[in-house]
Amino acid sequence: MDSKFITRGLERTSLRNFSVWVLFWVVVLGFGLYGAYLCLAEGLNQTNMDNRFVFGLWIFLDLAIIAFGAGAFFTGLLLYILKRSEFTAVINSAVVIGLICYSGAVAVLAIDVGQPLRAWFTFWHPNAHSMLTEVTFCISCYLVVLAVEYMPILLKNRKLKERPSLLVFQHNLHKVIPVLAAIGVFLSFFHQGSLGGLYGVLKGRPFAFREGFGIWPSTFFLFVLSAAAIGPSFPLLTTSLVSKISRKKLVKPEVLQSLGRISGWLLLAYVLFKSVDTLVWINRTSPSLLFSPYEYYNQESFGTWILFAEIVVFGLVPALMLLTRKIREHRGWLITAGLLACAGIAVNRFVMTIQTLALPTLPFDPFLSYIPSWQEIATFIAVIAYGVLLYSFSFRYLTLFPQERDLNSLTR
Amino acid sequence: MSSALSRRNILKLAGGSALGFLLSPMPWKMLDDISIWTQNWSWIPKLRRGPVTHKYTSCTLCPNACRVNARMISETPVSLWGAPDPCVGHSYLCSVGLAGHHLAYHPSRVRNAHRFTATENGISSEQLSVEDAIAHIAKILHNIHVRPEEGEFALFDCRPHGMVSDIQQIFLSHVLGARYIVPDHHEGRFMRALMEMTEDPGQSYGLDFSRTRTLLSFGVSLFEGWGISPLVVEQFRSRREEFNIIQIDHHQSSSSIVADTHIAIKPGTEMALALGLAHVIVGERLYDPASAARAVDLKRNKPFSFMDLTRRFPPGRVASVTGIPEDVIVRTAREFASNRPATAIADDFAPAELIHSVWILNHLVGATGKNGSVVQKRPLPQPWKGAHRTPPTRLRNVPDHSLRLLMIDASAADTTVSWPDLRRKMRAENATIVLCSPYRPKRGESVDYLIPIHAPYETVRANPSGEYVATSAFQISTPLWSKSEEGCETWQILQRVVSASGAMTKEEFAQLEPEELLRLQCDAIFNSKRGTIHHPNNDETIPLGSVLSSGDFYATLMEGAAWSDDGVATSTNGRLFLMGKSTSSAQRFAESVLAFDNAGIDSNPSFPLLVVPVGEDVAARFGHVSPILSKIYQESDLKPRSRFAYLHHETARRFKLAAEQRVIIHSPHGATEAIVRCDSSVRPDTVQLSVSQLDAISPTRPRIINSYGGRVYTDQPIFVRIERARS
Amino acid sequence: MFPFVYDFRWEATSLIFLGVFFAVITTLMMMVATVTVRSVKDLRTRKIGTLRWHETFEDLPAGARSCRFAMSGFAPGRSCDNFFECGTCAVYPRFRSLEERHRPEDHESRSGHGGFGIDEKRYYHRGHTWLQEEEDGTCVIGLDDFAARLLGPNPTYQLPPAGSTLKQHQPAFTIQTGESSVRVVSPIDGEVLEAGDSTRGWLLRIRPSTQLPHARHLFRAGEARRWFQAELERLNRLVEIPGVGATLADGGTPVDSFRETRPDANWDGILGVMMLDV
Amino acid sequence: MKSIEISPSQYVMVIDADRCTGCGACMVACAIENNVAPAHPDATDRTGVTWMKVVKVSSGNNGDGKPACYLPLPCQQCAAETPCVTVCPQNAVEVDQQTGIVFQMSQRCLGCRYCMAACPYHARYFNWWDPEWPEGMEQTLNPDVAPRMRGVVEKCNFCHGRYQAARASAAEHGQASSDPVTYEPACAQACPTRAIKFGTPANNEQGVGDLVHSSSAFRLLPRLGTEPRVYYLSKHKWIRQMAQMEKETSTGEEVHG
Amino acid sequence: MNSGRLSFLAGLVGMLLIGWVFFPSLLYQKEPQPLQFSHAVHTGEAVGMTCDNCHTFTADVRSMAIPRLSNCKECHSEVLGESEAEKRLVDEFVAHDREIPWRTYSRQPDNVYFSHIQHVQIAEIECERCHGSHGKSETLTDRQINRISGYSRNIEGQIIPGLRFKAWDRMKMDDCSDCHDERGASNSCLKCHK
C-alpha cells in the first residue's frame, strides 16, 4: 500500500510487519524520552554522576558512537577523494549511520549539559584554547554537512523524484557531494581528534595526560586514527546486521572484504602508535608528574588486564584477522573481527572517560566506582531507538544499497 | 489546480514568514532573554538591599555564652561572628553557633500550641491556642494538687544554669511535692568534685590556663563543644609553642591529632593510669611541697589510705593494664610534675573515680595551689538570694513511674535527654508530658502537649558564662530581630500554669516581664560594685564603678556589653583531703579502685575486636541545629559516618578486609552491616562504630552524651567479629 | 565569535580558530547557494526532462546500460556513458565503420520476419518501442512484442493529446497494468498528430523532427535481433524463466506472456528495469 | 621544575595543618557567607556543594607519632596554566590579573562540568539540585554574593564579596585602585585556632609573606605545574611528602606495560 | 506566479510587523509609578537642587540610591505647591509615614556589583552619562519590565534591536565594557560581578 514510496525493484516487508517493528521501537523511544525528560525537568540529580564522576555513561557512549559514526567521513574519503568507486555500495548507508550517530550524540549532550538553554554561549564567547570549544564547533558544522549529504539520498525517493524542483535540487547537490565529503573529512579529522584531546590535555589527571606535538596531545592523533580504523568496520557490521534482519543480500561480499582489509591496515597502525604512546606515557610522562603508573592498575576493578585487552585482544588480534585473506573471506570471521575492533575502540573510550575519573589524583582520594542510573541508560536507549527508526525508514523508502537490486533475483 | 495552488502558497507563505522572522529582532532577543531567564528563575531567592550594620549579643545555644557580632542587613541577621571577650578570652564561634540565626527559620519550627493524641494509625496532632493548652495543663495540675496520689508534677530543665533555672525552682517551691529534675550529667560536675576534697565546701572554682604550661587531658574533647574546650582553644590559639597538651585517648580523636603527644590507652583503664602517675610522682618526690604540706593523708599509710592505694599501682602493673609502655608512663609523670604550672582535666561525663584520681594528680602538682590554674571565684550576685526554692534532683534519682505531669524546658538547643529513661519515670497509665520548645518533637519523642517558645536570638535572655570560667561573668542575649512576635518563655508558661491551677500564693515577681527580671539581676550586680564592663564595639573595658546608675548598666548590657567579676585575691590554701573529706567518700573511692583491680578486660578469641563507639552526627541528630550543618555532617565525611566501620590499616590487613568493602559485624547479641574504611588514627585492635550501629550489637542501650566531640560511653565493653558480606 | 562582542579575544589561536570556522561555514553556504542557483537555472531553462532521463539512466542496473557495440562484440563489456544518445557519441563513428566493414548485412533494411516479432522495416528503440515511416512523412510508434509480453492482461494506455511535443528519451506515455504503472520513453523528437490504440497496431502517429535513417540511436534488423537476444538473457537472469532461453536457440516462438510462467516474480520491478523507468 | 614566582600583590592563603582541629567552622562560615544552600535530603559527600571541604588524612603506616591530620581544601586558585580556565569552552571562569583570584561566573556556566574533570584538587562543585533554603531563611542571604541556580558549577572565589567591599571602602578613603586591599575571607575569620592566614606577600598580613617561604611550607601536587596559591604548613615530614607525592621509598622503577 | 510571490511577501511583511512592533509591546510589562514626580521642577532654578541632594550613596553598594520618605519630608511636611501629586504625597505618604514604593528604573541585577562611589566620586562621571535626561524629566514614565528576563527596559535598551545612539539608550554589559576600555579600566569579571 506504501509501495508507491518504495524504490521500484526493491523488495520490502509488508507495511503491517514494518508498522509492528516501528511501533515496538517507538515504545522504546517513548520510554527513553521519559528518562530524558526526567533528567531535564528534575535536574541531573536523576543520574548517578557526582562531583568526582562528572562524566558518566553518556560521555563514554557519546565518544564511542561518534567514533562509530566516523564511517560516513571515511567511506566518503575513500569514495569521493580516493576515487575507490566500489564503495558506492555502502556510502549511502554510511552517511545515514553517520547522521544518526552525530545527531544522537548531540541530543544526549544537550541533556548532559546542566543548562542547555545557554548552549549558544560556547559559540558567542568561544575559548579557542579549550578542546571542548573545538568539539562543539566542529560537531555542529559536521552535523550540518551530514544533513546536507543526507538530502540527496532522501530526495531520490520514488515519490519525491516526481517533483521537478526536488529532482533538479538533488541532481545538482549530487554534483557537489565530493566537496562536502572533503569538508566532512576536514571537520571529522579535527573533532575526532579533539574528543581525544579532551582528556590528553588534562595535566590534572596524570592517567589521561599525554604530551604531543604542538598544542595537540598524542591522544588527539590516536583518536583520529582509531576513528578512521573503525570507519570501515562499523558500516561492515551494520550492513551485515541489516542484511540478516531484512534477509537480503545488500552488498557484494568483495566490498565488505575490502572494507575489512582497509580497516585492518589502519587498526594495525593504530595498535602500533598506541603501544608506543603507552610506553612513553608509562616511562616518561606519568613518572615526571610523580604518579607511578603502577598505582593506576592496582585497583581491583581496573587491573593491567584492561590495558592488555585494549591493545592486544581488541587491537592486534582483529587487525591481524582482517589482514589475512582466508579469514577475511569467511563471512562469520569478518564480522567477528569487525566486532572486536569496535569493542576495542569502546574499551579505549571507556578507559579514557570512566577510569580517568575513577582514579584518585590527590594522595588521600579514595578510588570511587560509578554505576549509571536507569534514567541515563533510558536516555541512551532513546538514542538507539531513534537511530533504528531513522535507519528503518531510510532503508525502506530510500535506496541505501544500489547493488541490492542486482544481487537479489526479483522473486518474492 | 486550486489544491496545488493553496499547498504551494502555504509553502511560500511559510518561507516568507521564516525570512521575516529571522530578519526581525524576535528570535535573537528571545535567545538572549531566555538565557538571562535561566539566571532569574522565580525560585531563585532575590537578595535584599539595605545598609549593613553590626549588632552585639551573646549566644545561648550552649552554656559557654560566647559573645556574638551579628552582621545585619536592615534589621535581619546575615551572618554571626565571634566578638572579643576578655572574660573567657576567645573570640570565635563553633560551627553550630555560626549558624545560630538560622534556628528561627528551622524547618521544624512551630508557632502555635499542639496537642498530640495517640491513635491506632500513629500520632494525630491538632492545633490549639496557648491559653487553651495552659488551661488543660492547669486542670491536670489542679487534680494533682487535690489528689496527690495520682502522681507528681515535675519540671525537667535541660540546662540547669543561670537565672531562668532559679526562677523555675522558686515557682516550683510553691507547688506541693513538685520536683525540679536536672539531667544526670551536666556542666561543672568535674569542678564540683573538687569541693569534696577541699576545706571550704561552699567555694566555687574556675580554671585559668593563661599561665598553664602543661595540660594532661583524660579523654576530654579539647577543641569542640562547650565546657573546658574554649579555655584550651584560646591558649592553643595565642600561646601555641609553650602550651604543651598531652591527650590520653583510646583512639585518635580530633583533640589527640592536634595535641603535642597522644597516649593511646586501652579503653576504660584511665583511672589506673592516673593512680600510676600519682605513684611515680609520690615515689620520686616530684610533688609540689606547698600542696604536699596541705594534703592531709599524704603521710598515713593505713589500709584504704591514699599511700596504700597508690602502692598498688606501680608503673609495671599499670603498663600491663593500660597497654601503655612503662617508660612512657614514667616520662609523662615526670614531665607533668616538673613542667609546672600543670593541670590534669577529665570530662564531665567521666566515671566518678576517674575524676577523683585526676583531682589527686592536680593536688600533687599544686594545680589547686597559689600559682596553679584552679582559681576561686565568687558566684554571680543573685537578686533572690534568700528565696525558697526546690532542690534539683537527678533524673537517675527520680523514682520510676512516679510522675503524672512533666514539663520539659527545651529552650536550650541541646536536649540531651534520652527519651526511654524519661518515659520510665512517668506513670504507666495516664501520664502527660508537656514540651516547651520552639520546634516540633523529634521522631520517637511521644509528647502530649507542645507549647511554642522563642527560638534563640528572638527574645531577651540572661546568659551567665559557663562553670569553668575563671571569673563569673554575665551578659544578655539581645534579640536580633526587632519585630519578634508575641511568643513566651518556659518560666512564663510555668508561672501561668501554676497560678491558673491555684497553687501559686504570692510571688512579687510572678507577673514580671523578662526585661524586668533582667533589670532585677542587673540591680543585684550593680549593687555588688565589683567587676568590669567590656564593650566589644570598641573593645575597651571600664570598671563598674564608673557607671552612674543600674539603668545605664542595664542599657550598656543591652547593647552587647558584658560584666565580668574581679578575680579573688587569695587562691585556695585550705587543707586538701586526697581521699575525700568524709570517710564514706574515701571508702567508696577505695572500693571502686580495688574493684577495678580484678575487672581485667580480656577479649575472647571468637570476638577479638573491641568496639569504640563514636557519636557521628550527634549534634545534628539530638539538638536542633541549622540545616547548613549538612556541610559537615552530610556533604563531607569529615566526621565519622554512621554506615562505616573504621579500622586501622594493620587490623584490616590482619582480617583480610579492604577499604570500601561491605562487611557484617557480629557480636554475642546481634549483627549489623557496614562498609570498611581504613583510618590510621583508630587503635589497632579496635573497630570504631557509630552510635546508631550500636543498638543492634550491644546488650543495653548505650548512654549517649551530646558533646560535639561525639564522646559516647557504654556501660560495659562490646566485642565483635567482622566478616566480609557475601554480595 | 564576532569582533563586536565585548570579550572577543584578539589572540592568535582565537583568530585562527574562528578564521577556519568561518571559512568552513562560508564554503558550506556557497555550496548550498550554488546548488540552489543551478537548480533554479535548470528549472527555468526547462531542462527538467533531460535531467530526469539522466537521473533514470544512472539508476539503471549495469546490464541495462551495455553499449550497442558491446552486443555486437566490437566493444565487449563497454557500457554506454552518453545516455543512449548515439548521435552525439564520440566513439560511435569508429565502431560503426568497423561494424560496416565486417558485418554489412546488419544494416540493410530487408523486409520480412526476423523472428521474435522483428520487422525489418521498423526501427527499434531500446525503450522497447518501434517506429515505422509512413508515406506522408509522418511515422507511427508502437510497443514491440517483448514489452507486450511483459505487460500482462489488458494494459491501459494514457496517451498524450494530439499537438503535444515529444522529446527524445523523455516520457511519452504511461501504461497502467495491474497495480503498477510504467512510463514509456519516447524514441525520438516530434510532434504528436494522432493517438492510436492497441487494436490499430500502433499507438502514436507523430511528425518526427529528424528523418528516421538519420536517427543513429535506433536499431535496424540484425542489430535489433541481437539486442532482443540480449534483452531475453537479461530478463532470464532477473527471473530465471524456464524455457525462454531454449526456445530462442532454435528460433522457436517464446512463451506468449512471461507473467504466467513466474506469477510470483516482482513484475513491477522487472517492468521498470526493462522499460528504462527505474 | 620551573616555578613562576606568584606576584607579591596577589592574594595567598596559608593553612597550618598542625593547627587544624577538623571542627568544620570554616565550612559552615563559608557556606553562610557565600549563600551556599543547605544540602538536598538525598545529597551525599559526593554530590554536596562545599566550597571549603576539610578532609581527614591518615598517614597509612609511616606516621611519625602523628597518625592523621586535617587538611582544609578550598580552591587552590592556581596561578600557572590554571586547569579550569584553559578548558572552559565559554570563558565562564577567569584569572583576575590584579588579585590572582580564579573567578567563576555561574551566570555564563553551561554546566558541562569539563572544568571539574580538569581540576586535580576536586575544588569545584556542581549544583545537582536546585539550591533551596527552608521557608524564610532566604532573608538571611548575604547581599554581596549572587545565589546560583541548578546546573552550574561553583567554587571558592576567596570571598570575592568581601574583596569588593574592601575595594569599595578603600576607594572611598582614596586608596589608589592599583595597590592590594586587605580583607579576610570568612573561613579565616571563623577559624578558632587561626589556622587559616590570608593576605598578600606585599602587605604581609598575618606574616603570610614569610610563611610562604618557610621550610615547613608545602603545596598540593606541585609537580603538576599549576602553581596553587594555597600553601600548607606542617612540621611533620610525612604530611609534606604525602602532599607532594614524593614517596619515602621511591617506587621509581619502571613498570612495563 | 504572482499569487505565489504574493503569499511569500505576505508572510515576510506580516512577520516583520510582528517582530518589530507587536513583540516589543508584548514583551515589556508596563508598571506605572505610584506617584508622579517632576525632576524638572526640583532641579529648575526655582528650587535649584542637584542630584546628590536626594540620591546619596554609601560605600557598600547595597544601599539603594533612591531617596527615602525622610528626604521628601524635610520640605514637604505640608503642601507647598498646588500640583495634585504633591497633595497625594502629603496625604497618603507623609501623613501615614509610609515609604513610597518607587519602581526603580535601573535596578542592578543580583549578580552585578556596581559601586556609584567609584564611578561618580573617583571617575567623576556625571549622572547623565548613564541615566540620560532623567534628571530633567517632567513626569515619571512607566517602568517596563521584560517578562522573560525580568530586567527593566532602561537597562536592556529602548530600541529593541539594541542599537545605541545616545549613551543612555542602553546600559547592558557591552556599554559598561566599552566605557571601561575607553578609560583603561580593567574588564575582568571580578570587577563587576558578584
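Think of it as A, B, C, D and E in the order they're written, each chain with its own count starting at 1.
We adopt the following convention: a contact is a pair of C-beta atoms (placed from the backbone, for glycine too) under 8 Å apart; a residue touches a chain by one contact, two chains touch by 3 or more.
Every value quoted in this text rests on a predicted model; they were computed, and no experiment measured them.
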For this session: Determine the shortest chain-contact distance, in steps, between subunit B and subunit C.
Result: 2
Seminar exercise, completed: Under the touch definition above, the chains in contact with both subunit A and subunit B are D
Problem set entry | Innermost chain, where centres are averages of C-alpha coordinates | D
Problem set entry | Taking each chain's C-alpha mean as its centre, the one farthest from subunit C | B
Seminar exercise, completed: In whole angstrom, the CA-centroid distance of subunit A from subunit C equals 41
For this session: Could you tell me the distance, in whole angstrom, between the mean C-alpha positions of subunit A and subunit E?
Result: 53
Seminar exercise, completed: Among all residues of subunit B, those touching at least two other chains are 34, 37-39, 47, 49-50, 73
Exercise. On subunit D, where are the residues touching two or more other chains?
Worked result: 44, 48, 55, 58, 91, 107, 130, 143, 146-147, 149
Exercise. Residues of subunit A that touch two or more other chains: which are they?
Worked result: 115, 118, 121, 124-127, 129, 133
Exercise. Which two-chain combinations touch?
Worked result: A-B, A-C, A-D, B-D, B-E, C-E, D-E
For this session: Could you pull out which subunit B residues touch subunit E in their complex?
Result: 5, 8-10, 12-21, 23-26, 28-30, 32-34, 36-37, 39-40, 46-47, 49-52, 73
For this session: Report the residues of subunit D in contact with subunit B in the complex, numbered from low to high.
Result: 18-25, 27-33, 36, 38-39, 43-45, 48-50, 53-56, 58-61, 63, 65-70, 107, 130-143, 146-147, 149, 186, 189-194
For this session: Using the touch rule from the top, collect the residues of subunit E that touch subunit D in their complex.
Result: 59-62, 110-111, 113, 115, 117-118, 121-122, 186, 188-191, 193-194
Problem set entry | Contact footprint of subunit C on subunit E as seen in their complex | 173-174, 177-178, 187
Seminar exercise, completed: Given the complex, residues on subunit A that touch subunit C span 3, 7-11, 123-129, 133-134, 137, 141, 144-145, 148, 161, 164-165, 167-173, 175-176, 179-180, 183, 186-187, 215, 399, 405-406, 409-412
